[in-house]
C-alpha cells in the first residue's frame, strides 16, 4: 500500500479545543499512524503534547486536561520528509521574535534542500529534518512586520505541496499551496472555525462543512473573525492529488469539495466498463477497495461477495512464526472464505498495486482456497513514477509497473487476467480533470523537485537516529 | 452486542507448539479479548504464561521462546463465569496426584454451585471463581486409576456447555459436552493433531480441517496416536448454539461442520423473503452483519451499499468528550457515508438486537445523514431469554425484546419498519434444526440451571476483587 | 549476602488499613524485594492486590483506594520455598467452607513434602508451590467447627519456622511457631492492633510496640478485642534466629524484644576483643555492617572511616559493560575513597561471608585504591551449614567456609589477616543464648527436615514456570 | 537540600563509547536525576538517545547497542535554566553549516537573555529554553572558518558558569569558563581521552585521572591527539564553587584537583573547633553529611554513632498517607535508632540548611526517639543569597537564613544549640581560598547577572509546557 503522509486539524474558539482536536485526529487516524501531537493556546500560554503511536495511545485524559485554551492545532503523521523519530513529530513549536508559533504540515516541499543549505550557511541551526522547521525559520527571518505578512513572505519562498495550520498565542491560520496538491477543508461549529484534511473530522465533532481552503489562499482566524488572503495568484490548472479518491481519503469524507464515495464508485463502474470479466463473483480486498469493488459489481452485474475476511486485531507487534509459513504476513491479515471462493471464477478488485508482493501472496491464498479463476481489476492506472508531493512511494526500481510490462505483472502475480484502469478512465470520474495531478502514472510533474531531492535528504546527510523517550 | 465467551486451542506434536498456539489464538481473538494464555509441555516440564488483554499484547517473542515443548493449549476469554481479573485467566494449571494438568474451557456449567459447595464442605479450597477449577478438583478427586477414566469420571459429574482441551506432561485431550452446545474442531498438520473452537485457526497455521469433536466424545492424543472415547451416550437431539452462525463465529470458519458464511447468507435471503422492503439500497452494520446484508441484497434484488464506515482504531482507552456529543460512543465507531445515504430509502441489516441502545443511536445517525426511510431487518428472532450456556447475555430486564413488543421496539428505535427473522425462518437455514438450541429466543432450555445460578455466583458470595499486576 | 525470606504485616481496626499496611511493608522492604501484596476486608468483601517488584512499584494511589476495609495483611517476599513467579506471591487468598481466608507467611516449613503428597493422594490440587497453600488446605480440611480451632488444628500438623498473619472477613490472626524461629511483634495504635516482623514498621506508622508474639501463641483480633491462645506448650529452649541481629533486621528495629542496634554494637566490640589488629583505621562494608564496624572501632580504639561509598542508584536493570571490567559488578556498587585508604592499614568489617566472591573483589578494589594492609574482621562465625528455617542459604558446596579452612579462605580473599567471631563470642552478645538457633554455624538443627527436603522441591517435581502478566 | 545542576561526560577513542558513557553517567547520577542522554558518533553518523528519569531507566541494552561509534558525550540533569520537560533534555544536538554538533552543559549562563533576545530579533527560532541551544546558535553564527575558532568565538560571547563537552562527527571538545565555577576533569584510558564532572566516573570505568580542565581552557580531541587552546586569559582569582566540597560531589571524587573527602573531613574538624558541644554522641544526617560528622567526632573526641537510618527504597512515587502522619515525608526517609538516641545528648551534623523545614521535622523525630539534647552543627555558613551559577537555590525569601537570625532559626528548628561554620572556617579548609566562590553565603558575586535574570526566564515569557511522551 502507499502510505499517506499526514493529517492536520485546527480549531478556534472552543473551550474544549484540545478534546475536539483529539476527536478530529482520531477521525483522521487513517492518514498517519506513526505519531500524533496537539498544541493549544489559552491566549497567554502555549501547551504542547506529542508522541509516537496512535492518537489513542499518545493522549490520555490527564494530558488533554493540561492542554488548555480555546485554540488548538493537531497532526498525525506518516513520515514523508524526515525519518520516523521523536524529534520529527508535529506540530512543530518554536519561540521567535513574534513569540510562540507552531505549525502542522501535510504535504512535501520540493525546494527545501537549497533553502536549508542557504540558511545553514547563514548560521541557522536545525533540530529536526522536517519541512515544518524550514517554514518556521523562513517566517522568523522575514523582514515584514505583521505576522500575516511574515507567513505569506515565507510561503512565497517555498515550493511544493502544503496544507498548513498554524497556531500562535491568539490566532489560528490555515494555508494551502498554489497548486492545491493536498486537501484542506474549512468548517463551522457555531461561532467556532475548524480546519481539517478531510471532512470526516467535522462529522465526528458535529461541525458543518463549509468549503475547501482554496489553493493559494491563507485564512486567519482570531477574535475579530475570519480573514482571507491570497498569497499567490490562481494559475490555469491545479494539481490536486487524484490518489485521495483512489485510496487515501475515507469514503465518508469530502475532499476537494467532492464526496470520496461517489468518485470511488465511478472508478469501479468505469473499471467494469473497460474490463468486464467472464466470472461468477466480485470480491474486494477489504477494506480500502470495498467501494470500488461495489462499483465494479454494479457495472458488471456480477454479485458482490465477501471472499476475504480482514483481521483487525493485527498490530505492529505481531510475532513472526518460527518455522515460516508461506505468505504468513498476508495470511494473518486476510483469511479467504472458502465457502465463497471454492470453484468460483472470481474478480478481485483492488485500488492499486505498488510493489506487487502482497497481491501475489493474496492471489496464491485465493487459489489455495479453491478459486477457479482469478481476474484482477485495479481501480487505478499502473504506478510508474515516484510522488514528490507527500505520498510515500518507493523508488522507481521498486514499483512493479515501472519495471515490468502488464503481461509480466500478470504472470508474476499469477492471475488469469489483469486490467488497470486507464488514465482517461480515471480522469473521466472527476468533473475537472485538468485540475488533477496524475504524475505517479505518467511522470508529468507540475513542479520539478530541485536536484538532489530525496525524502530523507537531511537524514542521510550526516546520520541521525533518535530513540523514543521511554 | 452479545459477548462470546471464549476460544480454546490445542496442538500435539510440533516443536513450535507455542508459536502455533499463538497464531491460533490470534485467529480466534474475536471470541474473547479480555485475557489470553498458553500452557506448554516438553514432556518433562510444564510452562505457563497468561495475561490480561489481546493475544498480541500478552505475548512477545521472548515469552514464546520460554514456552517450550511440543504440546500446547491456549485460551482467549471473555468472562462468563468469574468476573474479569487476573486469577480468572485460563488455561488453569494445577498440580495434583497425577502431576501437572491444565485445562481451557469454552462454555458454562449449570450445576457448579452445588458441586463447589459440596467440595468446600469437604475441605477443598478455591483460588478462582471459574468452572475450570471445579473440573480440575473433580479430576483430582476421582477414585479411578487412569487419567482418561479420571477425566471421564469428572465429565460425568458436570452439566452444561463445555468444549475443553487439557494438557498434561505428555498428553493432549479434547472433550465436548453431550449436547454439543459449543463447537470444537479437530484438524491435522502432518502428523500433528490440532483442536480449535473454529476452523479459521487451522487455516492460519496451515492445518487441515478433519472433523468436529462429537458431542459426548473425548479424544486423547499422545505419542501412540489419537484415541476416541465416548463418556456419554448420544441422546436424541443436540443443542448446538445457533448464535455461532448468526454472530459469533467468523464467516471464514467452519463450526459444527458447516461453513458459517453459507448459513449466514441464507439468513439474509430468508430475511428478504420474510420481509421485503420498499427501499433503494441495503446497508449492513459493519462488519458482523455484512454477510447477512449481502444475502438480503441478493434475495431482495436491492443494491448493497457501504453506508456506514467503521473506525477500526477504536480501542478501550478512547476518551469521552468533555461536552458530550449526542451518541458520541456510537459515532466514533461508525461514520455514515452521506453520499450513499442522502435521500435514499435504506434497508439496514443487523444480526441481532440486545438492549437496543446502540441501534437507536445508529438510526439517528443515519437520519442525520439524510436517509429518507430506515427499514430495519434483523437476521435473528427477538432475544427474550438469557443464555446459561456460555454467552454473556444481560438479565431479562435489560433485553429489549423481553420488555417491549415489536411495535414498541420499532417506536423506540425510530425506524419506519422493523422485522426480526422468525424462529422457523432461522431454523430453515440449517440442515438439522432439531439439533440446535434456540433457548434465547423461546426459553426452551435443554438443561435447566440449578437453583441460584448466576454467572458471578462465587464472586458475589463474599466479595473478591483482584487487580492486575502492573 | 544471605537473603531474608519475607516480612509480614497485619492491622485491625483502621479505616486506612491498606495505606498503613503499605507504609508498614515499605519499612520492611529490606526483608524481601521480589514481590509485595496486600489483602483487606471491609467486613463484607475481601480485596486483593499483589505484584512482582518493590512495594512502591506494586501499589499506586488508585490501587490502595480500591483495597477497602479496616482489616489488612501484607507481605513482601524473597523466595524461600517456591521459585520466583507470579503465582507464588503472598498473601495467599482462597475461598473454602469458612469463606475467604488469606495468609502471609515468614519462615519455612520442614514437613511439607509429606503433607502435600498425602493431600494430593487424597484428591487436592495445588496452584502454587508455597507452604502457605498447604497451610490453607490444612485449615480447610480440619474437622473442627470454630475458625480458631481449625487454624490451631492446622498449626499442630506443620513443623518448621513460621510467623503468620491471617485475614478473614472479620478477623485478624497472628501466630508464631513453637520454637520461635522468626520474629513477630505486636503493637497498638490507639484502639487498633498491629503485627509486624520488625518494630520499625510500627515507628513509621506511629504505632507503639507492645510485645513479641510468643512462640506457640496465636492471637485473634476481632471487634470484641484480642484473645490469646496457646496451640503448643512452651518447650525448654527456643530457636530464635540469631542472624536477625547479625544482618537481617534493621538496626532501628526491635526483634525478639531486643534492640537490634544494641546487639550489633556488641558484636563489633566482641570482635575487637577477640581479634585486635595492628591498623590505622576501621571501615565498614556499607550499609549493613556499619554498626558492627562502629562497635569494632569503639572496642579497638581505632578511628572509624568511610572508606567505601555505596551507590544507591543500583537497580536490577543495570547493564553489564560490553568489555568486561574486572570486578565490575562489585565496583558499580562500591567505590573506594582513595583519600581515606591510600597508604593506610585498614580493618574491614563485614557481617558475614557466604560464598566469598564479593569479598574477594572488594579486597582487590581496596588494594587498588592503595590500602597498605587489609585486615578482615567478620561479625559472625563461619557459615558452614544450610538453613532450613527461612533463610536462603546456598548448598553446602557453595558455602566457602564449608569447603575451605580459615587459612585457605584468607588466601582466597587475599587479606593480610582474617578473623571470624567465635560462636561463644556471638552468643555472649545476647542475654538468653540457649534460646537462639546457630545451626548455620554448627549444624545443630532443632528440627530435622524430612527426607527429600529442598527449597524448591515442588518446582523441580514436574517443572513449572510462570511469567509475569505484562 | 540544594539541587545540583548537572553532570557531563565525554569520551574519545573507544569502541564501547556509549557503554562507558552510560557507566560514567551512572557514577554521576547524584548530580542530576531528572533526565539523561547520550550522543555518539561513528565518524559518519551521529546517534542520539535521551529521556526523563534515572540513567538506568532511560537506557537499556538495545538502546546502547544502537548508539554506535567511538566518540560519545553524556549528560544527566537537574533543571537550572529551563523547566523540567522533554525538550529540555541534554545533550542538545543540531545540524548547522559544520554538520552535526551536540553539547552537554553543566552550569548556568548569566547573559543569556540579551543574547537570545538579539538572536530572536535577527530571525532565529528556539526549540528549548536551555542555555545550550543559545551556545549552539552562537557557534553556528560565528564568521570564523574553523570549528575550534567558531566555538571559541561563541565562548567569548557568553558569560557565566559552564563546563561543556561537545561532540561532532569526529571530534570531542571540552571547555570550562574563565572563572572555573564548575569542575571538569580529564582522564586517560589507554589511548582514549575522557572528561567528567567528577573523577568518580573515571574510577568506575577504570580510567586514570590526569588533571582538571583549566578555567578558560578548551581541549580538542580527535584522531591526531589532544590540543589545548586558551580562549580567555587567566585572571587574578577564580570562582570555584565551594559547595562542591560541602555537599554536591561524592566523597570518593576529586574535583578542582582535590579529594572531596579530605576537605569534607576538615569541615567537620573545623566545626568541632569552632563549636564544641557538651554532648554524648555525634550523629550524621545520612548519607551526605557522614564525612563531616566523622570529622566533627574526630575533632571533638565524641563517639560517632548511627542515630538515623535512611531508607534507600524511597522513590519518586511514594504515596502520601491518607490520614497524614506528622512529618511523614521525613519519617519515610529517616528512621531514628532509639537504642542509640534514648537519653543521649546528641550532636547532629548536617552539611547545610536551605529552608529549614526538613531539619525541623528531623529534630522533632530525634526528640520523639528520646534524645535528651539536640545540638545542631552545620558544616557550612548560613545560605543567604541565591546562586546564579548553576545551583538550584530557592528565592531569597525561602532561604531561612536570609529571613531569620541564628537565634530565630534555633528556635524555629527546636534545637538546644546551633552553630553554622564561619566563612573563614570554611575557607581555611581549602588551600587557595581566594579562588573560591562563596557568594551564596556573603552575596559577593564575581559575575553580576544581567537585568531580568531568572532561572526560567524563557519559560515564563509566553508560557510553554510540554508533556512527556508516554
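Each chain gets a letter, A, B, C and D, in the order it is written, and its residues are counted from 1.
Just so it is clear, a contact is a pair of C-beta atoms (placed from the backbone, for glycine too) under 8 Å apart; a residue touches a chain by one contact, two chains touch by 3 or more.
Just so it is clear, the structure is predicted and the values come from calculations on it, not from any experiment.
Participant: For subunit B and subunit C, what is the smallest step count along a path of chains that touch one another?
Facilitator: Counted as steps through touching chains, the separation is 1.
Participant: Using mean Cα positions as chain centres, tell me which chain lies farthest from subunit C.
Facilitator: A
Participant: In whole angstrom, how far does the Cα centroid of subunit C sit from the Cα centroid of subunit D?
Facilitator: 37
Participant: With centres defined as the mean C-alpha position, give me the subunit A-subunit C separation in Å.
Facilitator: Taking the average C-alpha coordinate of subunit A and of subunit C, the gap between them is 60 Å.
Participant: Can you list every residue of subunit B that touches 2 or more other chains, as numbers and ranges?
Facilitator: 57, 60
Participant: Looking at the whole structure, which two-chain pairs count as touching?
Facilitator: Touch list across chains, by label: A-B, A-D, B-C, C-D.
Participant: Can you list the residues on subunit B that touch subunit A in the complex?
Facilitator: 15-16, 19-20, 22-23, 26-27, 29-30, 54-57, 59-61, 64, 200, 203-206, 250-252, 259-262, 287, 290-291, 294, 298, 303-306, 309, 311-315, 317-319, 321-323, 325-326, 331-332, 335-340
Participant: Per the contact definition, I'd like the list of subunit A residues that touch subunit D in the complex.
Facilitator: Residues in contact with subunit D: 42, 44-52, 57-58, 60, 63, 66, 86, 93-97, 99-100, 120-121, 123-127, 129, 133, 136-137, 140-142, 169, 458, 461-470.
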